[in-house]
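Down below are the structures I want you to see.
Okay, so chain A shows up in both of these, paired with chain B first and chain C after.
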Partner chain A sequence: MPFIPHTEQDVREMLATIGAPSIDALFDEIPASLRIQGLDGIPEGLSEMEIGRLMSERARLDGRPLSFIGAGAYEHHIPSAVWAITTRGEFYSAYTPYQAEASQGTLQLIYEYQTMISSLTGMEVSNASLYDGGSAVAEAALMAVRAHRKSKSLRVIVPSTVNPNYRRVAISTAGNQGLRFETVAYRREDGCIDREALAAYAGQDIAALVIQQPNFFGQLEDVDALTDWAHEQGMLVIAVVNPTSLALLKPPGDWGKTGADICVGEGQPLGVPLSSGGPYFGFMTTRMEYVRSMPGRIVGRTVDLDGKLGYTLTLQAREQHIRRGKATSNICTNQGLLMTAATIYMTLIGPQGLSKVAAVSMQRSGELVEALTQVKGVRAAFNGSRFHEAVLLLDRPASAVLRELETQGILGGFDLSGDYPELGSALLVCATETKTAGDIARYAAALGAAVQKVRAA
Partner chain B sequence: MNQILEKSIFEYSRSGRSASVQQPPGADVPSAVEKIPVALRRSKAPMLPEVSELDAVRHFTRLSQLNFSIDTNFYPLGSCTMKYNPKACNQYAMLPEFLARHPLAPDSQGQGFLSCMFELQEMLKEVTGMKAVSLNPMAGAHGEFAGVAMIRAYHRARGDLARNEIIVPEAAHGTNPATATMCGCIVKEIPVDAQGDVDLDALAKAVGPNTAGIMLTNPSTLGVFERKIEQVAKLVHGAGGLLYYDGANLNAILGKVRPGDMGFDVIHMNLHKTFSTPHGGGGPGAGAVGVSARLEPFLPVPIVGREGDQYRWLSEVNRPQSIGRLSAFMGNAGVLLRAYIYMRMLGREGMSRVGEYATLNANYVMARLRQAGFDLAYPERRASHEFIVTMKRQAKDLNVTAMDIAKRLLDYGFHAPTTYFPLLVPECLLIEPTETESRETLDAFVVAMATILGEAETDANTLKTAPHTMPVRRLDDVRAAKQLDLTWKPVNSAA
Partner chain C sequence: MSQVLADLRYAKSHEWARSLPDGRIEVGITDHAQHALGDLVFVDVPQVGTTLDIGGACAVVESVKAASDVYSPVAGTVVEINESLSGSPELINEDCYGKGWLYRVQPASASGLDALLDASAYSAVLAAEGG
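Moving on, here comes the complex of A and B:
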């Protein structure tokens, strides 16, 4: 029996101890009319050898294309030690560290994570992770409404330069509690928040402004001016950032005169594989003054009966298992193992390493844009500074060009026509440190041929 | 267990040290920084450790050794289903093609992955008796959110706008009322009777034209099957409300009875419990949701569809009434792969045995603990896959609490059961052995419990000051909350 160790003798003797004639008798409190006699729709069980073969065949079907897609999930080198340690049974198969004395490993690791991510984002405190970048934006909006001392407003400005899927998740998650999300347009010349459109909200009662840096197009927003403007209007500032970029970019804690109030983002670039979209983890950091409004688990350092340092979950009065209907969020299980991987990643890569990853990603992305815009009919959509992504405009339908590239084993980028139809035929492309000059040349050559082919068709 | 505490990773750090082989070659940081406007540049490096690869490997390996885990200890944590996580599930979910696949890669570059997801949806439908499944929610509470949001969307779509009350039995998980609040609903708690079943009179009084639905766990968190489930369904449906099934305890009934057959309209499944994906020290989980036909249009997107022999994502365009997206992409894909592999290894026969042997183990431990002198919260009832011991008598007579027993168990090498939940049973220990534990392990646990009960009578102080063999003794939680120390700081820092 797969993963059930009982012998026939065990079952006999255990039933005798219980005083039941059969295992079936243990279900005698369930109305007979509800009982089922089997699960006919489930296939027969497989041995480990058979499932291994099946999964390898399935994996082969997915292939290993050369990918230039970013759009919220980024391919980076992951040191071998990250997952070798993360999948150790002691981390992998442990529960949430409610029994602190038997969970000091996980608890200390979370404390170290909180330290690293707080420092990286320039904020004072962090929680132990949220589900992903999208749900973190939703939780940040709810938190801003809760934490705002002077405004009772349920309105939050989420400019169109914020990842469209994050905006969708925010609406599905926070809309039920009455939050309203207002969209602000971007400038066509540099793909950044349109300050004139934003100015229309001056003087209104609004809980928060969300600023994504680098924004969804890969462009760098003027975060200082935006932060100061929002604060002058009495809004809190929610920063949405790429953790890799923070090795080089100003951290949200330093934005404007007083810094952002809540910082969130997708933690995937820190040692988490792309894996079709998950599991990833969302991070959230904030000012100490808002710590009691923060959702999710938090670890604190304290002492034991002997005065020895130790770690424990703290401020649990915010959470669902204590506060039930009045909790800051319903979140319980979060993304602990991914946070574990990220902590090991940040340790192995170190401050210089992260700067290098960010710098090489910027270099490669710049080289990519340069090579691709050499192709006739392809140009960059925006001026201004970028991190490691860029929007390209094509004079052929992006979807047809992407299909053509796919036949060459290349995933050429993310087609923006669904989310930003006003751009026309537009592609969001990305290169990180994993791409070589050869990869870029291969893409440029294939793009030239693809554009030709689509044009001829 | 390793007794030596591990120092902070920051204390290993030395300026200029690095695991240089991990860094990308050819980096020109200054010229990259030059392309960033001065005002947008970082001025001070983040405080990340500067250590060698061996320093890092040793530090985190040592930290891991300070943990209890399923791989190292019996973990009878009630309502958490801490069963063995097969190694094959991890290995084959981490094949290079699966790990490298970008979430926005076209469907044509993901037929292997998508076929697994489609089949997982189908298998989950079969084991729960529901009409349709969405795999998006990333944890149990996230699935609860999706479920209650669908219930609200259903009533709204019918123009039934007054229905904003969610009924929750007092024994429910804290996530139930918290979820109802997150969905903008009002929570109404109802009591259970002396035998652990829902109080039908109270329920009859609670339902009405404002009832959106009821959230139930069955078997309940009291470790017993809700015998009046058919009457509950009739009452709630009769009042125009819907039934939500919290799948936290699905392991107890897998292959024996299905939520869909009990009359539930929407359920979430904790794949990290019933389908053995790892708990990871606090996630990732996966909280797939299943629905009856009338809620199908509201399922969160994306969902995997099949056309001929091709699999593809269905999005908002195909599902205009969907409650929308709950994650940037499609939830915890890698966790879902692990659940798929687990279900395929178990197969039809293996899956039916899960509920049987989980129940056998629970009833066996319950019988033996009763013989050993422990009081059961519901002695007249069968255990489901878990049961409750109450230490009320010992607390009164010996001044020994459930917490003391829990902490002392750690000294004997067993993880503590769930304590002080559900709240309505005083001094309770909620014990769930799971089906993957052998009789010898269960016997050893019973011996430890009996020994501790003896100590309670002769040497209560040893219990009250337990644990004695862990890396730390009981921690000062009050100090942790009052003198917040949430990040490491250098000893000489001004802060």
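Moving on, here comes the complex of A and C:
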């Protein structure tokens, strides 16, 4: 049997059977004006040898810089065993399998993943994962609007302390489905949600408040007070969290008096390497009360006719292959391979390991801020508590300083001037457990030189 | 053959409605509907205070492999829901015309049930559907 779905002969036979002269003829009903004649700007395919060479040349251009960029994707140590196990043939698949129940091992792994993520976030139920953090936020907003029984509002508050990329993904995904996103400013002193600006929404009919913790600036929001306030206003609370931080911080299930309602986030820090923005994976957990409004696949544990333990896709009546237009889930797969890596990562390092990663990252980040703010013309933008990122204000343009640092092999941080021009020249920096005292000293020295050089220019 | 009670009114979409002595109307799904769906695992009923239009989707009944909308056979305001269903959706399979009722409404007009089918007309609908 050939390892392709159909040979040319198969195609000819199928066309002959249905009486169609060619495959193109099957698309007759699409008017010629809607068809693209050619794909401009997309080159012909390359052979494996050619693409291999091109990619290693491109990879060389990256060099091996010392990176202090976080801003949503974080460099953590990944034990070698994680990807050695993940890429075993038994696990090596990108999706939830078709005929899912025939793949009991895969389903068990997803079930274990769901258990770990539920436990980490302090929520009752998890789905099998989503595409990435941004799409998870968009799906959470759609879910909140669906799940909110007392409000028909399509408005969701997404404060400016939420990752700007997540906000953009939410607007492009859910904006076209009628959702409206309200932005709330942050306080200049501590980089947290401005409670006075938020209070302007009191008494209004709004489906949900999104709270990112730690927020995009790395600052810690007063999640208890925010959660209770939102609930008093009849809003659901969507928590957006960094999974590593949950080893130290209060899980969303414990926020305020009753906990957040939906929890989402970017799963990349759990064993997925940095790679040009992806592929990463999103996670989503919620309370049982809202499970029927949750998108994505869910694996459940059960027993078969003989009483033997087994795993199965469950609550499928939510899904589009059953409920069609009224489905609450239009996602019929999951981010299988990366979720597998995350499950193995969590299994290998365990709760204590994750706590250590979080604690050391937080400490290194503190040391980084300490060292960098010694540099003349550099100061911390905000007071208050942080996790492993911080905003620095420079007295020279961040873009020029970053370019200078790059020539020294250092990626100095994320330039905030595009998304937060009101901050002036601002840099979001991050240190995790992967950065040593030597790395930090090297960055501080290079930053001093870079700022001076830009000042002189 | 599905059970059809003589004292109820019916909608073609397989809901029943019963006039209660106090003027309110009780709504549920028919024996034919519960049988077609199979074992129910979840029922989503409207909240008290919801205003319903005739024919509007107002509840969802979910079995292991399917979920179906329930269309309101009467216009009115939901005044009571069957709380037992959240823990025991199987009540609909066991006693669809009794303990398996879904919700009760205060009808918008006195002639609320006149447009619905009587038992013989509904039986004819079932016969035409082969049920």
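The criterion applied here is as follows: the second predicted complex is superposed on the first by the 393 of 457 C-alpha atoms of A that agree within 3 Å, B and C clash if a C-alpha of one lies under 4 Å from a C-alpha of the other, contacts with A are read in each partner's own complex, and residues count from 1 in each chain.
By our rule, a residue touches a chain if its C-beta (ideal position, glycine included) is under 8 Å from a C-beta of that chain, and two chains touch if they have at least 3 such contacts.
Small disclaimer: the values here were computed from a predicted structure and weren't measured.
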Touched partner set for A:Ala457, first chain B, second chain C, both or neither: neither
Contacts of A:Lys326 with chain B and chain C, given as first, second, both or neither: both
Which of chain B and chain C A:Ala32 touches, first, second, both or neither: neither
First (chain B), second (chain C), both or neither touched by A:Leu309: first
Touching partner for A:Arg149 - first (chain B), second (chain C), both, neither: second
Touch count on chain A, higher of chain B and chain C: B
Footprint overlap on chain A, where chain B in one structure and chain C in the other make contact: 317, 322-323, 326
Chain C residues within the chain A interface of the complex: 42, 44, 47, 62-67, 69
Interface residues, chain A side, partner chain C - complex: 149-150, 292, 316-318, 322-323, 326
